[in-house]
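Next come two complexes built around chain A: one with chain B, the other with chain C.
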Partner chain A sequence: MSTAISVQGITKRYGNFVALNGVDLDIEHGEFLSLLGPSGAGKTTILRMIAGFDRPDTGRISILDRDIVNLPPHKRPVNTVFQNYALFPHMSVADNVAYGLRQERTSADERRARVREALDMVEMTTMAHRRPDALSGGQQQRVALARALVKRPAILLLDEPLGALDRRLRAQMQIELKALQRETGIAFVLVTHDQDEALALSDRIVVMRGGQIEQIGTPSELYDLPRSAFVANFIGSQNFLQGDFEQSTGRFTTPEGIVISAACVEPGAAGEALAAVRPENTAITTSRPEGVSNAVHGRLIQGLHMGDSIEYVVRPASGGALFSRQPRKGTPEMTIGTDVWLSWSPEETSIFQPDAEIVANLLKSTNRG
Partner chain B sequence: MNNDIVGMLLKAWTVLVIAFLFIPIGVVILYSFNGGRILFIWEEFSTFWYAAALDNHRILNALDVSLRSALLNVAISVALGTAAGIAIARHAGVWTKPFMFLVGLILVTPELVSAIGQVIWFNRVGLDQGIFRLAIAHSLFNTALVTVIVRARAEGISQTLEEAAGDLGAPPWRSFLQVTLPLMLPAVIAGALLSFTYSFDNVMISLFVQRPGASSLPVYILSSFKAGLRGDVAAVVVMTLCVTIVLVVLSALLLRGGARRVNAF
Partner chain C sequence: MRHMNALSRKWLPLLPATAWWAFFFLASLIGIVLYSFALKAPIDAENPVSFEILSLSNYGEALSSVYVHVFWITIRTAGVGTAICLLAAFPVAYLLATRIRPQWRLWLLFAIIFPYWVSFLLRTFAWRIILAPEGAFSKALQHLGILPGPLTLLDTQMAVQMGIIYNYLPVAILPIFVALERIDPALRRASADVGAGKATTFLRITLPLAMPGLVGAGILTFVLAAGDYVVPAILGGARGLMIGRLIALQILEAQNLPLGAAMAVVLIVALLAAGLIAALLLAIVRRVDRRLQGASL
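Showing the complex of A and B:
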């Protein structure tokens, strides 16, 4: 695979607000890449710069090895699926899809064939003569996809395209989106704040925060080997314990004296630190299990049914709450109010440098407890 | 009380209101067919005054002046007002607020003040072409009017649509012609129709800025009122009413036709 888009050292300020701060990113041909992060992280700003609607203050953007920072949107070989679809309300579905081809002065025969092909691809051929306002949200979404894909762009940009759809339809469109991307072989760049969506669809995910890239990796890399507490917390769910990490011995000790051993340590972690374990990687027992190094004692205060699993909430003596997710089949149900042990292995444990936001949340939940 | 009775009363009330609004027009239409010498005194049914009106070169001349100045006024106010409305909606800046203040000021300035001011100005710059004087004088108010209407519509059209057109390969001028303008057409046409109507029945400004020999129709009717109204005035009024109705129907059809565009298949 080779590089389709290369973004180098992009910075953008709006007044005092730094939207992007030195972002470097390479997007490969034919990959499905997601830009994931909370709102204000700069995901949409990157997308708008690639499309040409916003200009970076500094930095380079090249598409197919050509610098495009000074190129207006209509001269760039990328197409966008907008958040609210932005279908032309005064044109039929077919005219909407044909619009981009008309700009290229494609011959009438070819245009007709390609419009039909694009509408077939999204299964909207029967709706060709309808107006956008006579379509449902999901149908408008499909037309917006067809309108962008009919141009056969080098890269397709998608700005939170499924945000306005209900949950069931969103799941269905995710499957279709992934299939379309495989079928066309076009690189898709998807902006989303929905981690499940990013995990389900992407070849690679770019996790962003405050105008910077936190980590780039495949869904399993990000899930299994998050490089910071922020990424660990943002992707999937996570139990955090505050404590002290001694770099030389590799020992993490909580203020209550519980010693945690970890296989994974964020470079630079020393002194005040966070130990993290995912709820699904913990076991819950009524007595302290033998031969497991990491264990916390507490009272079982809640069991939440999640459909296929139960999420147990354990309150340690120090306060706060730890979560343990157990499959419903094959696990005896626990009695609420009993004393239990939450345990996990060092392989499932990571040590991170403290993250202000996470520490603040921990303190809040501890005080409440 | 029974719901049926309330409904009946409401319907009757509606009919009364509509009658109140439209009876004057009906009376003019009726009396335009009055064959008598004096308009208010009904004598007999006749189309005499229609023939007389079409034969009266002073009426025809006034109608011609009115139509030409009204159309020229529409051209000026639609061109300037559309540009201004879009500029305010799309490229707001420090100038926007003072400009909107100016537009508002034009809309509330008493016609008398505006008329006298314009007469002085026209004479100063030496503009003595009757039709141009009328058209420019009327277009001042109408430019402000079109600006307000177009701005409201342009703000209702998402800018993302223009971005989408650009994204699909349309240079800015083409995305304006193919996306922005068609979506704004109803506002532009509405502005044009209102401008036409304003100009066509304006008396106050026309009275001041007109030149001898280039009277507009309302001014002519006003002057003939002093001499005693005759049936030819009613006949002209009815004929212009017909023209207006035709214009409105035409623009409505145009708008509907514009919506039903040729498809790609």
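Showing the complex of A and C:
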């Protein structure tokens, strides 16, 4: 695959707030890329810069090696699906879609053919003469997609496009988005703070935090091999244990003296550290399991039904809460209030450098317990 | 209240305003129309208006060539005033709605409205000082070599025109500002995003969406300006005339209520006709534009 748009060393400040701090990113032709992160991470700022609504303080944005930083939005070969769709309220659905083509020197016949094609693609042909305010949220979403895709952009930018839809509709639109992206072969860049959405749709995910890229990878890479505690915590759920990591021996010890072995260690982790394991990778038993190196003893305080699984909440003697997710079928019922062992293998364990936010949350839950 | 049905509960809040409007506006309008068919009573009569003979003679007089000329001047002055007010108001309203931070907007709106705190009469009189041939403004212009002799604007139709524009500019700014402020800024971005330049975005997105505000501002300015009799009375002198002043003269000084009433009715009809023509022109422009644009599908 070749690079569609290359973002190099982008920095942006708003007053004292650093929105982007040295971001490098290559977007490949035909890929589905998600920018994922909490609000204020800089996802939308990147999108606005690629679209041309905002100028970086430093850095380059190039298409085919041509810097487009000085190009106004209407001259860039990228199109956007806006957060609240931003459909033109005084135009019909067809006029909304045709609007962008009228700005090109396309013949009337070609314009009509392309509008029809775009509306067919999002199954909105029957609504072509309606005004946007007579459409549901999902339908407006489709018109916004058609209005952008009819321009055949090199890249389609999507700014939290599914945020305003209810759960069921969102799931349906996710499937349609993915199908549209495959069908058109256009690179989609999706801004979202919803990790499930990013995992479900993306070829690659860019995890952002505080104006910087934390990690770029496929959904599996991010899920299985998070490079930092932040990524580990942001994608999927995670149990964290605070402790001390001795680099030379590879031993992680909690203040209570529990020793944890890990197969995966973040480079640079030493001294104060976090050990992490995902709830679905743990086992829960009433007696200490034989031959498993990582085990924590505690009291079972809750069992939460998650539909196909049960999430058990275990409170260790040290306080706080650890989670263990078990499939509902084939797991013996556990009695709330009994003493249990939570155990997992070193292969499922990672050691990370401490993350201020996660440590603060851990302390909070420990004090509550 | 419990026994009231849903319908009356829904309409009840409208009652005070409707009653007020019906009594003071509709009733007086009907009165004017009735008076316009009556005749001026003899000096010694108890009532200044005689309904004994109803005729169209007042209309005959109101439509005589002298008055028709003044009607024309009135419509022209109000029309030109409205056009200039809208043209001047739009950029102000646009900057206010899109470029000024919300926390400053209120203060600037306040500044625009501020002159209205001073009496209409006083503000208009102030223009006599500004426009006076021997005034400071006139002298400054002569001093700078812009004018060869004293300023000769005062007591002309041009002075009336200027006074009208000055007085009704804020009335034009407010509705346009409200309309522009309600346009989602993302729409302008979306327009640029799909390839439209600044001029196209303005013509195709901002202007059509601001139309209700522009029409509102236009009607308000036009109607108020056409009915104005203070500005021509103060700034027009003998040469600057508008029909409002003649109506006032007939009613207040000549004691000829029926003729004044007929002139008022003619003014209303003339305003409606002007409005209709403007609406028609607008519709034609839209129709032609649609034709030129061609169908989208």
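Rule of thumb we're sticking to: the second predicted complex is superposed on the first by the 369 of 369 C-alpha atoms of A that agree within 3 Å, B and C clash if a C-alpha of one lies under 4 Å from a C-alpha of the other, contacts with A are read in each partner's own complex, and residues count from 1 in each chain.
As a working rule, a residue touches a chain if its C-beta (ideal position, glycine included) is under 8 Å from a C-beta of that chain, and two chains touch if they have at least 3 such contacts.
Remember, it's a predicted structure, so these values are computed and weren't measured experimentally.
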Joint occupancy of chain A by chain B and chain C, clash or fit: clash
Which of chain B and chain C A:Y223 touches, first, second, both or neither: neither
Partner chain(s) touched by A:R112 [first = chain B, second = chain C, both, neither]: both
Touching partner for A:A51 - first (chain B), second (chain C), both, neither: both
Contact residues of chain A, present in both the chain B and the chain C interface: 51-53, 72-74, 79-80, 82, 84, 86-90, 92, 94-95, 97-100, 103-104, 111-112, 115-116, 128, 147-148, 151
Contact set on chain B toward chain A in their complex: 158, 160-161, 163-172, 174-175, 178-179, 182-183, 258-259, 261, 263-265
Chain A-touching residues of chain C, taken from the complex the two chains share: 184, 186-187, 189-197, 200, 204-205, 208-209, 293-297
Chain A to chain B touching residues, read off their complex: 51-53, 72-74, 78-80, 82, 84, 86-92, 94-95, 97-100, 103-104, 111-112, 115-116, 128-129, 147-148, 151
Residue ranges of chain A touching chain C (in the complex, touch as defined): 51-53, 72-75, 79-80, 82-84, 86-90, 92, 94-95, 97-100, 102-104, 108, 111-112, 115-116, 119, 128, 147-148, 151
